[in-house]
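One chain, subunit A, appears in both complexes that follow, with subunit B as partner in the first and subunit C in the second.
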Partner chain A sequence: MNDFIPNFDARAVFVSPWTDTFATYGWIMLMGFLVTVACGLIGNYLILRRMALVGDAISHSVLPGIAIAFLVAQSRHSLVMFGGALAAGIVTTLLIETIHRRSRVKQDAAIGIVFSSLFAVGVILISLFASQIDLDADCVLYGEISFVALEPLVTIGGIGIAPESVFVMFLVAAVVATLVILFYKELLVSSFDSGLAASLGINPTIMHYSLMCALSVVVVSAFRSVGAILVIAMLILPGATAFLITYRLPKMMVLSVVHSALSSVLGVHLAIWLDCAVASAIVVAGAGLFLLAWIFSPTQGLIARFRPQLLPIEAART
Partner chain B sequence: MHDTPRPAPPLEIHDLTVAYHRKPVLYGIDLEIPPGQLVGIVGPNGAGKSTLIKAIMGVVPAASGWIKIFGEPFKKNLTRVGYVPQRESVDWDFPVNVMDVVLMGRYGQLGLIKRPSRRDYEIARECLEKVQLLAYADRQIANLSGGQQQRVFLARALAQESDLYLMDEPFAGVDAATESAIVTLLQELKNRGKTILVVHHDLPTARSYFDMLLLINTRVVAFGPTDEVFTPELLQTTYGGRLTILSEVIQQVGSSAR
Partner chain C sequence: MSFRSAALLVLITLLCCVTPAEAAKISDVVETGTLEQARRFFSLTDNSLRYALFGSILLGISCGLLGSFLVVRKMALVGDALSHAVLPGVALGFLWNMTKDPVAIFIGATSAGLFGTLVVGWITRTTRLKEDAALGLVLASFFAVGGCLVTMIQRLPTGSKSGIDKFLFGQAAALSSQDVTLMAASTALTVILLVLFYKEFLVTSFDPVFARVTGMPVRLLQELMMLLLAFSVVVALQAVGVVLVSAMLITPAAAAYLLTDRMHRMLILAALFGSLAGVVGAFFSFLGNNLPTGPFMVLGASTVFGTAFFFAPRHGVVPRWWRRRSRGNRISRENTLKAIYRVLEDRGFSDEGVTLEELSALRRDTLVEIRLQAAALAQNGLATVDEPRGTIHLTPQGWRQACAVVRNHRLWELYLTNAAHYQADHVHEDAERIEHVLGEETVRHLERRLEFPHHDPHGRIIPSLREFDRYDAQRAPEKPSGYRQQ
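Take a look at the complex of A and B:
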C-alpha cells in the first residue's frame, strides 16, 4: 500500500512551494493560472455556443500550423507561432463549415474529419523534419509546464520581469480578458440569439471567426505548457464548473477565473505530493472542483436536486 | 389618399427570390407595405413565411431582387427594425435573466462596446411593465412559462423603439392570457403609427387580429385588406392540396360571406 500511494509530507507539499522552492513553483503556479484563465474565458463562450468540440478541433489542428510556420520562418519566435496558429485556426473553421455546408456530412462528423486529419499531417511534418523542427511529439501532446522556471527572464530596462513563456502568456491572457470585457454585449447577444444579433448589425459570422482566431492564439500559447490534449480540459472545465453554480453570465466569467486560480494552485500541490506531471495534476484538480460543484451547487447540485422543494407556481408551469 | 406624394413605405420588396440548396423558397416577391398597418403573414408550412422575415433582415441571402426599409437598404436603417424571433430559436437555459434579455433590445441604439445607461434600464423596465413582467425582471429565463418567455421577447422588441416590427409566430404555444396581452400590445403599437408584420399560423384568429393579410406560398398569392383577401378562393389557392384541414374555416367564411 505504501508503494502505491506516495508518502504525504505536509511540509514538502504545503509549505515549501511557498518558501524555499517558491522561485520555481511560484512561476509554475502563475503559468498554470494564466493558461487556465485565458482558455477558460474563451471556453465560457464555447460552452454557451455548444462549440466545445470545435475547441477540441482547433487545439489539435494548430499543430501543422506551427510546424509549417516554423519550417517557413525557421524561428520559434512567439509571433511566428501565433501566425501559424491563426492560419491553422481559420483553415480549420473554414474546412469544417465547407464540408458541413457542401455535403450531407453533419457538423460533428465534419469536425472529426478535419481536426484528426490536420493533426496527423502535423505529426508527419514533425517526424519528417524532426532535425529542423525543435518540437518533440511528447511535448506537443502533453506539454511541460515545469520548464517555465528554467527559462531566462525577459528583461525590460535591465530588470528581469518573468520567464519568456510566462510573459507571453500574461500578455495573451490580458488581451483575452480585455476583449471579453469590451465586447461583452456583442458576445452575449450573438451567442444567445444570432437572429437578433444580425438584425442589430452584429455579423454572427464575423463574431464566430473572431472567436476562433482568439481561440487559436490562446491554444498555441498554452501549447508548450500543457500540450494539445490537456488544453481541452482548460477550455471546458472552468466554464462548465461555473455554469453549474450560477445563472448569470458575468458571475459565470468571474467564477471561471476563480476556478482557474484554484485548480492551478491545487494542481501544483498535487503534483509535488504525487511527483507527477504538473499539467495533468492541474487538470485533475480542475475536474475535482467540477465534481464538487456538481454535487454541492446550492441551486443545481445533486444534493439540492434530491432535497424536496417547492418551485414558485409560475416556474413549475413551464 | 394614394394620390398625395408619400414618404418612403416602411417596407418595399421587389422581385425577391430566396433559395436553399438551389430550391426556391420564395420566388418573385413584390410587396409594398403601407405605414401604420398590422399585417398578418399567412400560408402553409414551408411556404417561406419565416424565410421572408429573415430575408428582410439580411440573415438569409437573396438570390435576386432588392428590399428597402423606409427607402433605404436594411443595413442603413438597422435601428428602425425590431425583431421577435420564434421562441424555440434560442436556448432558454442560457445564463441570463429577464432584464438581460430585454436590455439586448437597446444594443442597436448603443453601438459597439458602450454599456447600457441608466436610461436604457429605465426603458427596459417600462417595456417589462407593458407586458406585465416587471416583477420577473431578476428571474432566470429558464424559470418562465412559455407565454412569459414570449412576452420577454415582446418587451425586448418594444425596447428597440423601432418603426417596423417583424414577428415570427409570436402566438405559437402561448396561453390565452398571453395571447390577448399580445393582441392589445400590437394594437397599441399600431395606434402609435408603427408598422407590424406578424407570421401567423392560425387562420380563424388571423381574420380578427389583422388589418391586412399577406397570403404566401413561395409566391405572393394575395395581399390586401383582410376583408378582401380572406376569401375561400384565395385561401384555397394558398393552401392548395391541404384543403381538408381548412374546409371548416372556408365553410365558415363562405357562409358568413353570403
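Take a look at the complex of A and C:
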C-alpha cells in the first residue's frame, strides 16, 4: 500500500516543476490550460443550452473520424484530423436528429446509441490497424498530455516557439476565444431566449451548427492530449463551477478561465505526487474545485443554502 | 420513383459495397483459418470459450431487461453515467487484495456506481445545474478518479500483469468460472425480482403519481431498480468494458421499443437482442484473435437497432414510407374516380364511357397525366381503358368506390353548412381532404344526423346506397342472373 501512494515530497511536488523540470512540466501545464480553456469557453454555452450530453456524444464519436482520416490520408497532419473530426461531428449530430425524428426513440436514447456505435467503430479500427494509426487504446482513454514536451518544436524563422500540439492548441484556443468575444451578443441572446434571437434575425439553426462545429474542432484538438472521455469533464467542469458562483454570463466566462488555469496547475502537481495519468489528474483537480464551489459558493453553495435565510423584509432593511 | 426511394437505394447499394470490403480487411488480420476458428467457437469444447459464451448471454439478458426500463423512462444516459462511474470502484476493489477477485470488484464497482447516481441526484437538487450537466460532470469526474487509480495500479510491480485494463474495453475470453457464477446469480436475481414485482415496476415507470396514490413504495422500488441496474452494469464490465457497457443497456432495449407497444414483450425482445449481440460480439472478438469484445457487442446491438429502425413493421422507416406512399396512391385513384363520376353526372349518366379529353378538361390536367391515372385505375381493377377510342369505363367495383367518395364529399359539405354553420362556398376544400378518410360507420352516422339528405349545399344529388348498384342494374341484362359483386 505504501508503494501505491508515494511519500509526499513537497520539494519534488511543488518546487521542481517550476525550476529544474520546468522545460517539461511548463509545456504540460500550458497545454492543460489551453485545452481546458478552449473546452471550457464552449462548455459554458453547452451548459446554458442544456446540450452537455451532445458534447458527450461528439467527444466519443470523433474517434472513428480521426481513425478513418488517418487511414485514408496516411498522415497525422492537424488539418486531416480536423477534417475527420468535423465530418464525424456532423454525422453524429445528423444521426441523432434522424433517429430522434424518424422513430419514436427519445433523444437521450438516440444519443446513447449513436455515440456508442461510432465509438465502437473507432475502437475496432484502432485495434485492427494498430500499426498504421499511431493512437492506442490508452491514449483514447487518458490522453498523452505528458508527451507534449517531447515533440519537436514548431519553428518560425528558425526560432523554436512551441511543441507542435501546444502550438495548434494555442491557435484553436485563440480562435475560440475570439469567436466567443466577437459573437458574444448572438450567443447570449440565442442561449437564453431563442424567441428574441429569432426576432433579432439570428438564425438558431446556424448558431446551433456553428457551435457544434466549434465543439468538434476543440474536441479533436484536445483528443490526443486528454482522450475521449476526460474531454467531457473539461467541457463541463469549468462552466459548471462558474455557474455555481455567479449569475452573470461575463463573470461566468472569466471564472471558467480561472478554473481552467487553477485545475491544470493543480492537476499537474497532483500527477507528479501520485505519479498517475496527467489528464486524469487535471480533471480530478477540476472536480475538486467544483466540489469547493458546490459547498462554499457565497450565494448558492450548500452552506449558504442551509444557513437560516433572512426574511425578505429583514433583508431589505439591512 | 421519388427522391427518397432513390436515396434509399443508393444507401443500400453503398452498404452492400462497404460490408464485403470491411469483412475482407478483418480476415486479413486473422492469421489462423477463420473457418477453423469459427468451428472451434461453435463446438464449445474450450472451457474458457464456454464461459465467454454463457457470460455474454447472461449479460445480454440482464442488460436488456433493465435497459428497457431506462429507455421507457427516458433515463438512458443515467445508465451511461453509472457505467463510467464504476471505474474507481473497480480500481478500489482490485486494491482490496491486489487480485481480480470478482466479489471485491463487484462490491466496489456497485457502490461506486450507486454513489455516482446519488451525486447526480444531489447536484440537480441542490444547484441550478440541469440533469444533463450533472450527468456529464459525474461521469467524467468519476472516470478521471478511476483513471488516476488505474494508472497508479499499473505502475505497481504486480499491477502491470493485473489485467485491469481489460475492464476498459472488455475481454469476454478473460471471464473465469467465478465471474460467470456471479453473472448467473445477478441475472437470476434480476429476473426473479422483475417477475415478482413486474406490476409494481411497470406502474412506477409509467405513472409514478398513480403508483404513489395506490400506496406503492415508489422510492424504494426506484432504488431497487437502480441497484439491479448497477448489478447488471458491473456484471457486464468484464466482457463489455466500462466505456461501452451503456450501449448494451440502451441499444437492444431501443430496438425492442421500436418493435412492440407492450412492456412485457419489449422486455423479452430486449433480453433476446442483448444476448444475441453478446454472442455476436464474443464470436467476432474470438475470430479476430482476442480483439476487445465490447466494441463488437455494441456493433452487433447497433445492427439489430438499425434493422429495427428501418424495417420494424409499425414504426420502421421503410414500412411507414410504404404506407404513406400507398395512401397517396389511393387518394389519387379516388380523385380520378370522383372526376369520372362528375363527368358522368354532368351528362345525366346517359352514356357509360368517359373520354380522356373530358377528364383532362375537368381536372385541368395534361392528357399524359390523365392516361397515367387511368392506367392506375385499370391496374387496380376499378376501370377498363379502351385504348383506340380513348375512353374509360368503370367496373362495378370502381363505380361503387366513385359513389362512396362523392357521397363522403357531399355529406361532409352538407354537414359543415347545416350542422356547423359554415358558408356554402367555404366547405369544398375541407371536404376534399376528409372524403378519403371518412369511415363507413361515420358516414352512416352523418347520414342519420342529417336525416338522409338528397342534395348537397350546391344542389347536387348525394349518391345514396341504392345508387351504388344502379350501374349494375343498367348492365344487369348482360350478366347471368343473381350476379352481385361485393
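Keep in mind that, in the parts below, the second predicted complex is superposed on the first by the 305 of 318 C-alpha atoms of A that agree within 3 Å, B and C clash if a C-alpha of one lies under 4 Å from a C-alpha of the other, contacts with A are read in each partner's own complex, and residues count from 1 in each chain.
Everything below uses one rule, namely that a residue touches a chain if its C-beta (ideal position, glycine included) is under 8 Å from a C-beta of that chain, and two chains touch if they have at least 3 such contacts.
This one's a predicted model, so the numbers in the text were calculated from it and none came from an experiment.
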Partner chain in contact with A:243 - subunit B first, subunit C second, else both or neither: both
Touching partner for A:252 - first (subunit B), second (subunit C), both, neither: first
Contacts of A:119 with subunit B and subunit C, given as first, second, both or neither: second
Subunit A residues touched - subunit C or subunit B, whichever exceeds: C
First, second, both or neither for A:188, with subunit B first and subunit C second: first
Touched partner set for A:229, first subunit B, second subunit C, both or neither: second
Contacts of A:201 with subunit B and subunit C, given as first, second, both or neither: first
Subunit B versus subunit C as contact partner of A:281, first or second or both or neither: second
Residues on subunit A lying within both footprints (that of subunit B and that of subunit C): 50, 243
Of subunit C, residues touching subunit A in the complex: 25-26, 29, 71, 74-77, 79-80, 84, 95, 123, 126-130, 132-133, 135-137, 139-141, 143-145, 147-149, 151-153, 155-157, 165, 168-169, 243-244, 246-247, 249-251, 253-254, 257-258, 288, 291-292, 294-296, 298-299, 302, 305, 309, 315-317
Subunit A - residues contacting subunit C, complex: 1, 3-5, 46-47, 50-53, 55-56, 99, 102-106, 108-113, 116-117, 119-121, 123-124, 127-128, 137-138, 141-142, 229-237, 239-240, 243-244, 271, 274-277, 279-284, 286-287, 290, 294, 300, 302, 305
For the subunit A and subunit B complex, residues of the former touching the latter: 48, 50, 182-183, 185-186, 188-189, 191-193, 195-196, 198-202, 243, 246-249, 251-252, 311-312, 314-315, 317-318
Subunit B residues touching subunit A - in the complex, by the definition given at the top: 54, 57-59, 75, 78, 81, 83, 85, 89-91, 94-97, 100-101, 104, 107-108, 110, 112-115, 139-140, 142-146, 148, 156, 166
